[in-house]
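Both complexes shown next keep subunit A, but they swap its partner, so subunit B is in the first and subunit C is in the second.
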Partner chain A sequence: MADTASTTDAKRGGKDAPPREPILKLVAKQGILIAFVLFMIGFALANSRFLDPENIMGVIRSSAILGVMALGVTFVVISGNLDLSVGSMMSFSTIVVLDLHDKIGPALAIPAMFALTLCLGAFIGFLVGYLKLNSLIVTLGMLSAIHGLTLTWSGGQNMDIADKSGTWFSVFGQGEMLGIPVPILLFALLAATLGVVLARTPFGRKVYAVGGNGTAATFSGIRRARVVFLCYLVSAFCVACAGLIQASRSLGSQNTVGQGMELEVLAAVILGGASLLGGSGAIYKTVIGVLILGFIQNGLLLIGLQFYAQYVVTWIIIILAVWLDIGAKRGRFLSPIA
Partner chain B sequence: MTAAALRLENIVKTFPGVRALDGVSFDVRPGEVHALMGENGAGKSTLMKVLGGIHQPNEGTIHVGERPVVMQTPQDAKALGIMFIHQELSLATELSVAENIYLGALPTRGFGRVDRARLHADTQRILDKLRVSFGPGTKVGDLSIANQQMVEIARALTVDPVAVIFDEPTASLTDAEKVVLFDVIADLKAQGVGIIYISHRMEEIFRITDRISVLRDGQYRGTLDTAETDEDEVTQLMIGRALDLSRNTSHHQLGDVALEVQGLSCGRLYEDISFAVRRGEVVGFYGLVGAGRTEIAETLFGLREPSKGRILLDGSEVRLGSPADAIAHGISLVPEDRKGQGLVLGMNCRDNMTLPQVSDLASGMLTAEGAETDIFARYHESLDIRTPSWRQTVGNLSGGNQQKIVIGKWLAMKPKVLIVDEPTRGIDVGSKAEIHNLIRGLAADGYAVIVISSEMPEVLHVSDRIVAMFSGRITRTFSSEEVTEDALVQAISGLSEKPAA
Partner chain C sequence: MQPGSLSTFLKRGAIWAFIAVELAFFSVAGQYLSVTDTAFLDLDNMLLLLKQSAPIGIIALGMTVVMINGNIDLSVGATFALAAIVLLDSMTWPIFAGLGDWVIPISWALALATGVVLGAINGFIVWKTGVDAFIVTLGAMLGYRGLVFMYNGEQPTSHLNWTLIDFAEAQVLGLHTATWFLLGTVLVLWLVMNFTVHGRNAYAIGDNREAAVNAGIRVGPHMMINFMLIGFLAALSAVVFYSESGSVNPNDGTLYELWAITAVVLGGTKLTGGSGSVVATFGGVIAIQLLRKGLGYIGADTETVNLVIGLILIAVLFLDRQLNVKGRQELRT
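This part shows the complex of A and B:
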């Protein structure tokens, strides 16, 4: 009984009744942004190098790969599903494109790698969308399965391009255009395109509908399975782009280059304010989430925190940010009832 | 006069910008069934949350017996003997009846082990009081909705309640199940418990309550003795005007047959269903819950595969494999469960309304925001949807306005056939009348409309013809001139198995 009451109560607090104080209202709307600004001020006070243009560019650049992956996962999360396979899939893309680079040349290796990665995405999309299997189970399983696939492909060896100085392939990870690093340009271009797809196309609208209320989407004639399927294709496409940047940047790679990134990606998407229950979130919010994560990790390094401690601190920050966000939306930070 | 079981004095509860409760006072006597009525948004839910210790009132006092009390948490309310039977059941379906009843207070013996013998004995004692047919060990998920509700009631009886509050308890019960519920309420009453009974259904209110208190816009409008009042007086108190409950007499020029169904069957859900709907006609489907009406609607909307029979639209047979197919053929369904099936609550009004046609409207790759806003503006006006802007999140609207969004969504598709399943479930009296007029207006505009309803006044009020169903079969079809309430009740309870006229 108490449960039903408290849920409806939370709904009321969040919607009917505006939060009590103006400040709370501001926090409710822009909680994540405010937290971001506070962190930035803190780090800037702690270390003057933090706001250096060079440092800022460096952070964005090193966030680009994570960011590109997070764009795709945003689609999956808004549709009400999870994708925990992206880290493992990114390792696969990287290894495959590096291997094929020397075998069939970069011009063929890139489309071949995209095709193979999209096949993986299509397979996941088929299982989750059409067979309606639980996305957590499917993508957790795929995390492991794709890792096995990568190791089989590489024979367990690191993959390196033979002639590292003589290939135009390095442009995606190392090149610059108009003084801006290509990875940042790719990230920006993808973010802009996918931002429009999500916010301004019928497909984007359907993604929100399917994640917000799948049954109502079906009752509106939306083919739910197809929408979910397409979300996983978008995610795989983004992973392929991330793999391309990663491979091009280092021109050599371990089998485990993307290991653990699935959680960082998910953290960025949630930091941006997407609900794990589906139906809410946006590309621009995910970009903010990615940048917050990037700047916090950079700031922690600059104030001299040991690298390994970052894993813990990053987690704490995510929890804090989410709590702040949800608390402000509810109009209170401690729930008296379960 | 004996002390009231529960007495509220001048309760005020404000949320920023809203006076949700504005000086509400009433009392419930021991052994009294006291109805609390009011339209959606009148403040009933807020009042219940105040009584349940979820909200604290800004002003006013609550007395239990002679004693003024302050309730900070739901546990406080329970400790004082104020118990709730909620509309939405909150039971753990995988656990047994006994475990559910004593959840959180299971009797234990050494090392935290559950004392099953005592648990079952205690539970059996309560179940005996309720005269139910199931035992303490039954898994709750195996019980019917009505029996699950009995489990909720049993939970309220684990303490000696001072007051029990029933919130729309009959919403999903059949008539037979209601009778059992009313018996239980009578028993509680005889034991001297004060009962608050919240319901929209007048018939029940007049059948079982002693007094009726009415709220409107957060204000207490008065208390009436049930024996000395009638539906009109209560309705007027609730909405401030009289209500039209007459039967449909207006008839429109009927056009061609838009939809024809021949010998449609679907397993044991319904069998051998044949009927036709013409343009300009409203056909009402009336029957008990479980008679197969919703299943027919689902089949016509491509959600269910029929095992036999044909569906003809404008004279040619169609196969409907999915809602997308049905929509493409010009069939629209306003579903029974507004929040679960009709709306994406987190989405704004406009996007909800244009969802079925978002791809059709699109210009090139992009959504046609302008065209979508125009569609919303048209139905915002013609259906009189009360919301400041299309940007408003649908979840923030009242039930009646939400229902109008769903109706607008399907009218905007310009359907050949519009199916409306339980058009006014959970909607307040004032909005009901508006939606009934709306449905009549649709017929006048030449739509072929099917209305499925469990409320007799509703079916009488909107239909040109009434199809009565019992247990998966059509028992009789009435024209609005020949129908009588008695004949209708007989037809839907399987008393007279006359063939369809």
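This part shows the complex of A and C:
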């Protein structure tokens, strides 16, 4: 997957063309944050309802599931790998927890679902970390394989909880605490925890080291395979949380509930400025990427554009964001490719 | 024997050996498990299999070229859907009303041009911005799909033209129209990749981009041509398929990119670029379709197909690594 052009560009930018102007430097470092603020101001001017607390809460709430998954994928991407299996894994955990809810009760169903999802994550982590297989193809294969597992588990049927009104299970998706919806609380809690883990612990630093330069990391005594393995476990844990929120919010689900989310999640992570080559990115940036996607969708609807226009805008924003990012790093915006 | 040539031979032949094993397995297993009376290796069944491989197959062939070039295209599914909509919708445009059946070539041309333009947009962005093709086409996948939905909302776009359907369902020399397009694409791309300057440069760029630049190859235009090529082929795939079915849903083509990549990887093309072959991809496409059909034939459910294909993909990756002599030497040093 490694795109040689961007590697050489990064090298060239570092050597003979460092960004001199302070504005360029600022854009390079905090471009995504600036874009985010500009967007918010623009939408707020266009429609007064945009900054309504209720509206903001609604946007974050609906982004929470995507956001929780994006947190885990951030770890995987920073370690220099990809995870395309999160969407289909989310379908799996949703179906499993809904099915087990009626069979063994919610108190047992939740840990059982987490255990199963972590097993899948461990399997992927083993293949990519210890066997050193290409993560794009492994997770592509697992996307298909886990979808098959989900269908086998459910027999192809939609899964529904029998007694929808009498279960405390709905608290994760529908409940509120101190006036804040529980999905937002879960998202915030996970983001804070994982943010600290990534930025302030030895494990977090190892993740950056492995993604930045795997060989150098190995030579400095970091067990690369184990770090990659753990990244996939973190990703699977986040997916399980997302599945829990999804299942609890709707208390019933199709087999394909997470289909296609893997690429949206990846879009959010990239929008947050993580490089697909690994070694850069941060949890707070991913959160901003997720929120940008959510607020764009909401803002475009509020100013009266049709729902699907957001996809076109997202496309333009992703490419502009990444282009500005690498352009500022290499000191010029046109690619050196002949 | 040169080092590595045995593994190359094994890898080249592997996909065909795999197909042979599949055929043998499903023929024998079918004797005991089959839900129908007809034999698996029935000629009509095999011809149908080729026809059904065509939509993904044509896209996968284009994906091979792009991946040999060191890039990837995730937007093919959306391009496929947009080209299909242009094809079916343009036949109803009032300006073409007086043309009768002559509207067919015009609609085909418009649909194919749509694919080329969408591919050119991707290629141009990759060339001029230097952003990784994975990101560019990931964004385009969302963007093009947005265009598809903006065109007609969530409504299907339908138009039946019986002349066109007769053409699409025709069998020339026993093979269906779609099969002819698939085989024709294999032949043309094989010639392009092996006997033209563009083909050789595509391999060179994928193998070592810096060396290609130093050798004076203009990397950008070659990449852009390849993106236009896969756009064209995604549109061709749509044109062939929707000429027959006559109705397109805005969600059609979703995940086609992943199926196409699966077929390409089964055929042994490297994600890192520089090696691979369109003929082996053709083998990969056939292998996947055989698996789908075969598992259905012995009474397995559709869910098993997903499971098996996913695991086979990972197994192929693992075996490929084990067979790769060069990789093992690197480990030793």
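Everything that follows uses one rule, which is that the second predicted complex is superposed on the first by the 315 of 338 C-alpha atoms of A that agree within 3 Å, B and C clash if a C-alpha of one lies under 4 Å from a C-alpha of the other, contacts with A are read in each partner's own complex, and residues count from 1 in each chain.
Throughout what follows, a contact is a pair of C-beta atoms (placed from the backbone, for glycine too) under 8 Å apart; a residue touches a chain by one contact, two chains touch by 3 or more.
Quantities reported herein were computed from a predicted structural model and do not represent experimental measurements.
Of the two partner chains, neither subunit B nor subunit C is touched by A:T256. Applying the stated contact rule after C-alpha superposition, one finds that A:N47 touches neither subunit B nor subunit C. When the two complexes are superposed, the chain touching more residues of subunit A, out of subunit B and subunit C, is C. Shared-chain residue A:R205: touches subunit B; no touch with subunit C.
With both structures placed on the common chain, the touch criterion links A:S280 to subunit B but leaves subunit C unconnected. When the shared chain is aligned, no partner comes close enough to touch A:T167: not subunit B, not subunit C.
In the overlay built on the shared chain, the residue A:S62 is in contact with neither subunit B nor subunit C. Of the two partner chains, subunit B is the only one that A:A217 touches; subunit C does not reach it.
Touch criterion met: A:V312 reaches subunit C, while subunit B stays clear of it. Comparing the two interfaces of subunit A, the one with subunit B and the one with subunit C have residues 1-6, 8-9, 336-337 in common.
By the touch rule above, subunit A contacts subunit B in their complex via residues 1-6, 8-9, 11-12, 15-20, 196, 200-202, 204-206, 208-209, 212-213, 215-223, 279-280, 336-337. Here subunit C touches subunit A in the complex through residues 70, 72, 74, 125, 127-136, 138-147, 149-150, 208-210, 213, 218-220, 223, 254-255, 258, 261-262, 265, 271-272, 301-314, 317-318, 321, going by the rule given at the top.
Of all residues in subunit A, those touching subunit C in their complex are 1-6, 8-9, 84, 127, 131-134, 136-138, 140-152, 156, 259-260, 263-264, 266-267, 270, 276, 306-312, 314-316, 318-319, 322-323, 326-327, 330, 333-338. On subunit B, the positions that touch subunit A within their shared complex are 15-18, 45, 49, 52, 54-55, 73-74, 84, 86, 88, 90, 152, 155, 301, 303, 322-324, 326-328, 333, 335, 340-347, 351, 355-356, 358-359, 362, 365-367, 369, 393, 395-396, 409.
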